[in-house]
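Two complexes, one shared chain (subunit A), two partners (subunit B, subunit C).
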Partner chain A sequence: MITGTFDMNDLNIASTQSTPGIQTDFRNGVLRMHGDSYPENSFEFFGPVIEWIESFLAASSDPLRLELRLIYMNTSSVKAMMDIFDMLEEAHGKGRAVSVAWHYDPRNERVLDLADEFREDCTFPFDISPDVA
Partner chain B sequence: MALTKSSACLEEAELQALIMRLVDAPEHADNPMREPLLRLVKHCEGQRERLERLVRISDGYHSISRDQRLSLAEQYDKQLRRLEKLARISDRYQNSLRELSEALKDSASHDPLTGLDNRRALTERLREESERATRKHQAYALSILDVDRFKLINDRFGHDIGDKALCAISDAIRGSLREYDACGRWGGEEFLILLPETASEYASQVIERVRAAIAQIRIDVQESALPPITASFGLTLYRPGESFSDTISRADTLLRVAKAQGRNRVIVD
Partner chain C sequence: METLDLFSLRTHFTRNRILLCFNGPISRSLIEEIGNALRNYLQADNALPSAAMDVFSIYIEMTQNIRHYAQSRGYGELESAATVVVARDAEDRYMVQAGNVVERADGAVLLARVAELAALDKAQLKAAYKTQLRQPREPGASSGAGLGLIDVARKSSLPLQASLSEIDENRAFFSLCAFI
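This part shows the complex of A and B:
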């Protein structure tokens, strides 16, 4: 992930039918994920995402913001997301500014309930809001 | 425990002081027991230090294992809560997927406007009924109906009224059939009716009932009145062994005859 000492490669993964699209913006401290998540190998798929977050948190002291538009997820993806939120929670505990903005399609209210389940136990700002049509 | 220990220590210290006083007394300077007594006192001191060190080390180990046990219990509880949360979220995803797949299954076989079977479901039913009819040498009756001058309704009153008419027609068809009869939307304003194991004469009566029910539909439209809704029907019997598409084309041809003869009628072969 890290090419120079403080230089970092951003992720730009196009979404597929079974994996979400992922874009990172190191300069602005933003990670975006959108779509369905059914990777065959979740560990392999989410590895780079977790590495990017780890590197960002280590290499900078800027705020980190996750913008999520995730719809359906398999169990191992749910676990990966919980791991990611745990990392944010830990960083938040050390005084780092981290936040999650989870957007959902108002036609699919179930995503709201699910995002709400994820939010439980998180003490950092975790906003869930419908996308404006 | 601490009390006993300290009183024992006190006793030992007093005893040691007494012995030292006696040993140091000038009158005992040549006593042969003086030397062994001094060695015994020194030995006792060493033993006491050993014992204290042993207790300290043992207490240390005890406290380490206690801390480990507490942190393991804490980790275990945390992992358990995590696992429960994972299962809960995962179950919810699974449930919404199941409901989605049921909705998809339903929309794959039903016409969204009228709720009747769609062409795909009808084709499946036709295949089943044709196999059964061939096996049992018992024909089913098949009728195709087309709403008369439906394009005029759409053009003059708009698609909303057109849709309303189609729903009313669906209700009229459904309401005139028996439970085991099949019906569905075959195309735009075309409906298909399948009467299993039904002889020609009785089939004519049923289809005539459907025709009459449709002719009685009244739809309120603001300002102008909607012309009466009617439909034309072609009715035929499945001939065991033939392909059901042959049955359909026969019914279709009869339907064209009904149209040509002035609409709002049933033509049977």
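This part shows the complex of A and C:
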């Protein structure tokens, strides 16, 4: 629902076994995703996320921050996520403040490997930090 | 009617240290349910979190590849079947093996692709993965466009093994095995 001049349709998608939970906060420029991601059709699933980011980047000049607690991702989710990071990279190239903060459980180093491979291709601030027990 | 000798089937499973097996039409929800069972078995088997995730990940990529293939070829429900086995080998590695019916020509292409990937070291596989990740998506494609097989090869601790068994003049059974 549009409730003010600066609000737009925020996403609030509950997680399922194979898809992450997604919450957006247009007012504060934050997008959160958490959980496992291995839907059969990842492009369909991530479509609304990509649209939200596009709208946010077009509608304001405020910073955008992605807070991620993604765990396992299948390769089609990885490809969709790379499209998302490419959008951030492009915005960053135009001087926009964008950042990623990826939190992971240090007991599973595979999540660190996953996040780190994404970070290799990004020049904007991309923080990967283990949760403290 | 002769019934199956379940005891000898059980003995076969036990001797081959089969943790989980499935044979038949595979749906999206079945992939998830079997995946759940697999995660529970791996936990009960005291697998390290990283090994459990690698096994699960290979299982997902292999079975989703089979589903995407069946859809791309317009196969019906019964034809989009998969045979999946997760077992442990003599060196205590996990073996994830999955197979499906393919057009013979497609099977030959797949075998050649697996052989190519099997010849690459980890750094070369990573480069191949990143290159594939940057390939433009085919119109209407729902999958990761060939990424899955490279990902499986990257996660396998030994080169992938594949085989093709002829069924008739048009079709063959393609089988792929990865090790963790």
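FYI, the second predicted complex is superposed on the first by the 126 of 133 C-alpha atoms of A that agree within 3 Å, B and C clash if a C-alpha of one lies under 4 Å from a C-alpha of the other, contacts with A are read in each partner's own complex, and residues count from 1 in each chain.
In this text, a residue touches a chain if its C-beta (ideal position, glycine included) is under 8 Å from a C-beta of that chain, and two chains touch if they have at least 3 such contacts.
Quick caveat, the model's predicted, so the values are computed rather than measured.
If you put the two complexes together on subunit A, you find that subunit B and subunit C bump into each other. Of the two partner chains placed by the overlay, neither subunit B nor subunit C lies in contact with A:32. In the overlay built on the shared chain, the residue A:43 is in contact with subunit C alone; subunit B does not reach it. Of the two partner chains placed around the shared chain by superposition, subunit C is the only one that A:107 touches, whereas subunit B remains out of contact. Counting residues of subunit A touched by each partner, subunit B versus subunit C, the larger count belongs to C.
Of the two partner chains, subunit B and subunit C are each touched by A:79.
Within the superposed three-chain model, A:118 lies in touch with subunit B and out of touch with subunit C [touch as defined at top].
Shared-chain residue A:17: touches subunit C; no touch with subunit B. Overlay on chain A, subunit B versus subunit C, candidates 2-10, 20-28 or 92-100: the clashing stretch is 92-100.
The intersection of subunit A residues touching subunit B with those touching subunit C, taken from the two complexes, comprises 72, 74-75, 78-79, 82, 110, 121.
The touching residues of subunit A, counted against subunit C in their complex, run 17-18, 38, 40-44, 72, 74-76, 78-79, 82, 107-110, 121. On the subunit B side of its complex with subunit A, the touching residues are 82, 85-86, 88-90, 92-93, 96-97.
For subunit A in complex with subunit B, the touching residues are 72-75, 78-79, 82, 110, 113-114, 117-118, 120-121. On subunit C, the positions that touch subunit A within their shared complex are 28, 31-32, 36, 49-50, 53-54, 56-57, 60-61, 64, 67-68, 130, 133, 137, 142-145, 147-148, 151.
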